[in-house]
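Dropping the structure in here first, questions after.
Letters A, B, C and D mark the chains as written, and numbering starts fresh at 1 in each.
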Amino acid sequence: MNASQTPSLHQQLVPQYESIRGLSKALAAQLSDADATVQSMPDASPAKWHLAHSSWFFETFVLRDHVEYYTLFDPRFAYLFNSYYEAEGARHARPMRGMLTRPSLDDVLAYRAHVDTAMVRAIPMLADEARALMSLGLHHEQQHQELMLTDMLHLFAQNPLFPAMFGAPNSMPALQPGPLRWIEGRNGIVEIGADAGHGFAFDCEGPRHRTLLHPHALANRPITNAEWISFIEDGGYTDARHWLSDGWAWVRAEGIEAPLYWQKGENGWTRFGHDGRQPVNPAAPVTHISLYEADAYASWAGARLPTEAEWESGALNISPTSGNQLDDATCPRPHACEQGEGLVQMFGDVWEWTGSAYRPYPGFVAAPGGVGEYNGKFMSGQFVLKGGSCATPRGHVRASYRNYFYPHQRWQFTGLRLAKDL
Amino acid sequence: MNASQTPSLHQQLVPQYESIRGLSKALAAQLSDADATVQSMPDASPAKWHLAHSSWFFETFVLRDHVEYYTLFDPRFAYLFNSYYEAEGARHARPMRGMLTRPSLDDVLAYRAHVDTAMVRAIPMLADEARALMSLGLHHEQQHQELMLTDMLHLFAQNPLFPAMFGAPNSMPALQPGPLRWIEGRNGIVEIGADAGHGFAFDCEGPRHRTLLHPHALANRPITNAEWISFIEDGGYTDARHWLSDGWAWVRAEGIEAPLYWQKGENGWTRFGHDGRQPVNPAAPVTHISLYEADAYASWAGARLPTEAEWESGALNISPTSGNQLDDATCPRPHACEQGEGLVQMFGDVWEWTGSAYRPYPGFVAAPGGVGEYNGKFMSGQFVLKGGSCATPRGHVRASYRNYFYPHQRWQFTGLRLAKDL
Amino acid sequence: MNASQTPSLHQQLVPQYESIRGLSKALAAQLSDADATVQSMPDASPAKWHLAHSSWFFETFVLRDHVEYYTLFDPRFAYLFNSYYEAEGARHARPMRGMLTRPSLDDVLAYRAHVDTAMVRAIPMLADEARALMSLGLHHEQQHQELMLTDMLHLFAQNPLFPAMFGAPNSMPALQPGPLRWIEGRNGIVEIGADAGHGFAFDCEGPRHRTLLHPHALANRPITNAEWISFIEDGGYTDARHWLSDGWAWVRAEGIEAPLYWQKGENGWTRFGHDGRQPVNPAAPVTHISLYEADAYASWAGARLPTEAEWESGALNISPTSGNQLDDATCPRPHACEQGEGLVQMFGDVWEWTGSAYRPYPGFVAAPGGVGEYNGKFMSGQFVLKGGSCATPRGHVRASYRNYFYPHQRWQFTGLRLAKDL
Amino acid sequence: MNASQTPSLHQQLVPQYESIRGLSKALAAQLSDADATVQSMPDASPAKWHLAHSSWFFETFVLRDHVEYYTLFDPRFAYLFNSYYEAEGARHARPMRGMLTRPSLDDVLAYRAHVDTAMVRAIPMLADEARALMSLGLHHEQQHQELMLTDMLHLFAQNPLFPAMFGAPNSMPALQPGPLRWIEGRNGIVEIGADAGHGFAFDCEGPRHRTLLHPHALANRPITNAEWISFIEDGGYTDARHWLSDGWAWVRAEGIEAPLYWQKGENGWTRFGHDGRQPVNPAAPVTHISLYEADAYASWAGARLPTEAEWESGALNISPTSGNQLDDATCPRPHACEQGEGLVQMFGDVWEWTGSAYRPYPGFVAAPGGVGEYNGKFMSGQFVLKGGSCATPRGHVRASYRNYFYPHQRWQFTGLRLAKDL
């Protein structure tokens, strides 16, 4: 144990821990045992699994490894709730997570309580390494909060009754986003990435390094649903010229004709969200689109996707805690596009696909040990997304944050902002 | 309504209805909402779905069609809980049954109560046609009781914690089955199949008709686990000569080395059942084997599978309600093989694979309307099984009963009895 | 060697051998090296493979095992050209047969010549067992002649240029088949199956045995293309009620709307055959249909498929060498339906699907050794077809002949004849 | 037609055209009609298809569009031999290329002759645009020469007889590569990419642009087979820690244990090449490895893959026509690693995987029209390879050349060179 930490810092950590852990529980409060158990596709996990796995992370990397006399809640849970840490041994196969009707949701909540009790007691005495792991665990927890929300949305979307997970929020004023404007970006050498000593960041966000920007501009706001409908109506999904070759194969094999969760009815397009099936709001940013769709739209519009460096450079002076993000257990959904000056809605609302492949930064080295598997091993085949969404817990995202998904995936709140060369 | 029925008959029907319907509910009493919701493979259905579908059958074919003023519990349930009746319109896709976390188990139990209330009130007044459909519905319910048990077993078998669905039954005495003996069967023309006027039978069991038996004998009892282990130890699963060509392809593609749910540990073979993981009982009939395995064993043993007609002819003078069958919500499992005279354990314990393809009897015509889809359309690619199992409700099976599965399927309590030509 | 055979019998065998072997070569005369090499689907084999495998059969079971001093043409060919005889050891995987660009067609023809030279020299001196194997080899050769024709047809059908394998035959008169008539069949106990001592038969055709026929009638002729078009136009392919459950799943998964090789153009239906793409002849028997389609048609027509025993009993007094069968290397195609008395076109034109699963006859025992794998191990999941087709070499088929295919397969010349209960 | 071109330039073009076109034909001279027809996997194409498609390119984009009175050889060939140009209309499905036994190899050679005659006559009169397309066609032809060689190798590797495509080259001296040395690379801003006005380059190689290099070093030579065997023997293929997550899934799903075409026998490792199955040469660069394997090796070795910019910057002063490349129709195979100064074997021998995703350069815009589909639409999911291989025609590759494959593909001559941060 390291006594050199000031009590005041430690005293802050406990409420932070409790606040973040509490949100996970609050988000699951609407779920039945069955809701929390079923896995709707291999990419998604059951809510129960998210709740247990995020607890397993603290139990394993903090309590088991750094806290004497800690007793595992159930030694079998390591097998059930390890996600992908090869160094932590064999584990339940990912596509089989939905088979675990036992332990029940109540059992998993008891597991959380057991871990939380031990954590709250241990936090004041954690040494630096363990405290860093705890901090990693809290950011990890926030990632799973967003995934739990989007995985539940995917599950509910499979139900012909279209159940709503949350009561509908207050109706929003019918805003009219202004025309898209181009904002010139920085040119020449800039620094991006996270600096090791300045607050928490995931390993893949660093090292902070210089990169060279070419003359370019970013759209002031994301593409809206109204603009997306124009793309559809102009035959965007049926004209191979706009599409990456892999994207075109995907569109044809899967019969893709609109964003995920959209349906066309007699009264126009509807979409499914945490508030159930609702009309598409033309003023809101389009969401639940794949990289392939984003790229095809940009091609159709005579533009391109921003690079990660362009996006991050553009976001440097914008507060990452601004915007429409997740604050509590209420319905997440993108807001209508704003009309402000400069770049708007960079943070929150929708993750913005970039044209950058998710690859390591110069000098990147994975952390040693189990947590070193956190990000580095996923650096093939995926694209970077920036800025967070309406389902990202406030405080979780920052300019250097690198989210990543495969180009066909679209069950997150994914959208796009155009860029162009100058 | 038909007033010609005597009250006494109708008065019998209500307790029969309540008894059968009550067993379904009792079997599900051990299940959590999550247990009852998850689907472990496309062949299986969630317990909740069984509970709802069997109620939908009464609601649709009896209450909706024959009872004035009946109000549907929820009009959307017809879409959710139709199994395969094309005439009843579009329906939820079978492999997606496990996505229905809503309605909950409680909702489904309320649905059952709604249907039961209406049925109990309606039964005394049902005309012949409706009463026949009610009777069909009760036998249908019993089929789903057995399927619910075997589907739950399959689900629990996917759980690395191996939960037991029922408390273990009293331990059984260590019986030693006697050596297998051959019982000569009837020869020449015999009558098999169900006669229309003599008690309930499914359409596919008739018409009763003459068939020609050739000289043959049946084994007096099923093959035991001890005998099956000899087959394994003699390389039965690795010698292509014993196997049907399709069976050999299946063994190799799936890596089959033993019956379903068996595992080999340091202390020998164990199997998974409703009482959890337990040692294999050498004296009990082997179960959870496919037709391919049954056929390979028979080939290895220098024998063959019985034909359906041979089996049915052999069973004619045996009480179909004898044997180890399902009486209440306790753990179903095969008993040790008996040592009695003649053919033993023909009914109960394990369904016995026959070598007969499931095809229509001479003169078979499917019933008109939706219920006509009951059996006839499944008459390709499947084999007949006879005699019922430990999970078959007592009173459900008879000599003419034709169960059928594809040759690779083995999640039912399936076993074998040898036959040979004389 | 067995000197007891009369020279005259042996003298007949050489020309018979040469005639049958010569037809295979003649059929392949139109094929380029590439034509003879490519495999168009796992169910089909390259022509070169058929030519080599049928030679390997003689080389292995006759020359290698029964002729002293015989030298294998190339010891590696046993690995390449064994089809499925597990007892003969490892072999090239079936779906990879089309990878064998070497040995070339010329090499394979040299292999044939090598085997033929040795066989012609050996035949006069073969003992009974070897002579029986030679006879089996000749019937085996004929089976592969038909398969080679239908496999080549499938390959050519994948080519957008629709090449014709043979010059078109003389145009046929525009016959008008009469209306379908019902011919009452035998009733009671009949004998079917092949008698061991009466000429060649495959093992699965016996033992000859008694079977019981129920009152029934057979259609006097096969269903025609004109009748099939009526089925299509009546929505036959889109109405689930007509279909076996497996058949309906197949129709929907594969998008089946017509027999294999049919296309609908501006001038009506065309079909692809060995003479290229041609208009569908309304008077000819429908062909290239699956069991599922045949069964659906029968259901739509208020009839059923004949059982094997009904068909065989009906064919007893008809010459099996009559009809439109393969005599030489000219274009095989079904002829217009005839108007004769009684049952017409039982042999030749199209294989007729029966409703009987391919299962062993009472008392069937597979032959010992490698050739014992000839038929018995395929007795699951397949249906029996009777009567031969326009691509069956004349002399190959007989009333007891049991052809068998899976219910979805239709690249053979498969058709149907209706039956009904009386 | 444009008369402003000097005759001398045009006179050079004809022999250049004939030389490049002639090499394709020479490479195919060893192939039978069957060899040239079969497709061994969807990624590969038949040799005949390569020969025809490269001719179609000239016929379509030069002769049809720019030469009056040119008559198409066969109008149906556009459908058969278009590869992926959506703008050129419907085309034969890629995985079905191997079904085209007709047209024959001879027909395709006649097609080539027809196109060549017209091209040689037209070249002196081509205007700038058409001449640029012809030049594109020649580089395109060279790409297909390499693909034809590697596709044939893949086909022959499926043949259990392991045929050699070429006679074995002279045996090489048993060189001993020196220990791997690190060569420091340039630092700071460098220019990479192809400049539009300086000789031929594919569209994706430009625009030339500035990029920022970080301190790094490259290995002086590729990794050898001997070093790769050390990786194998150290458990490289069985330790998840070295692998990208996608790579680890690929290794396990495919059962990967060594480079493609390697087999372990009693006398050690052998590999299959155009000279048949031969012992692995420990001194030669390892080849036929995927990006996943290359990345895992680098991780195991404590290094990383070079970025494209690092590699290209390192190659700037090295002659791209040096090295072991394809000059004529003889056996291509990597030579033993050299011991020279500085970076050796940058060009030729093996394509070197970089860690850079294949994405557009700043300012990249696809060319208008059909040829615009040349490269841009493939910019997702693939990685860049640099430097050419022993199967790359000499003169085809340059420092800016961007080859690209998916990370699991390895049937090209792919290898790796390590890099590290300084």
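Details
The rule is short, and it goes like this: a contact is a pair of C-beta atoms (placed from the backbone, for glycine too) under 8 Å apart; a residue touches a chain by one contact, two chains touch by 3 or more.
Keep in mind the model is a prediction, meaning the values are calculated, not measured.
Among the remaining chains, none touches chain A as well as chain B.
Separation of chain A from chain D in touch steps, taking the shortest path, is 1. For the pair chain B and chain C, the distance between mean C-alpha positions equals 38 Å. The geometric centre of chain A is 60 Å away from that of chain C, both derived from CA atoms.
Our note on geometry: chain C versus chain D, Cα centroid distance of 47 Å, whole angstroms. Residue positions of chain C touching 2 or more other chains: none.
Checking each pair of chains for touch leaves A-B, A-D, B-C, C-D. Every residue of chain A that touches chain D in the complex is listed here, in rising order: 84, 86-87, 189, 209-212, 214, 216, 240-241, 243-248, 291-292, 295, 304, 355-357, 359-360, 362-363, 377-381, 383, 407, 421. Note for the complex: chain A touches chain B at residues 32-38, 40, 76, 79-80, 92, 96, 98-105, 155-156, 158-161, 163.
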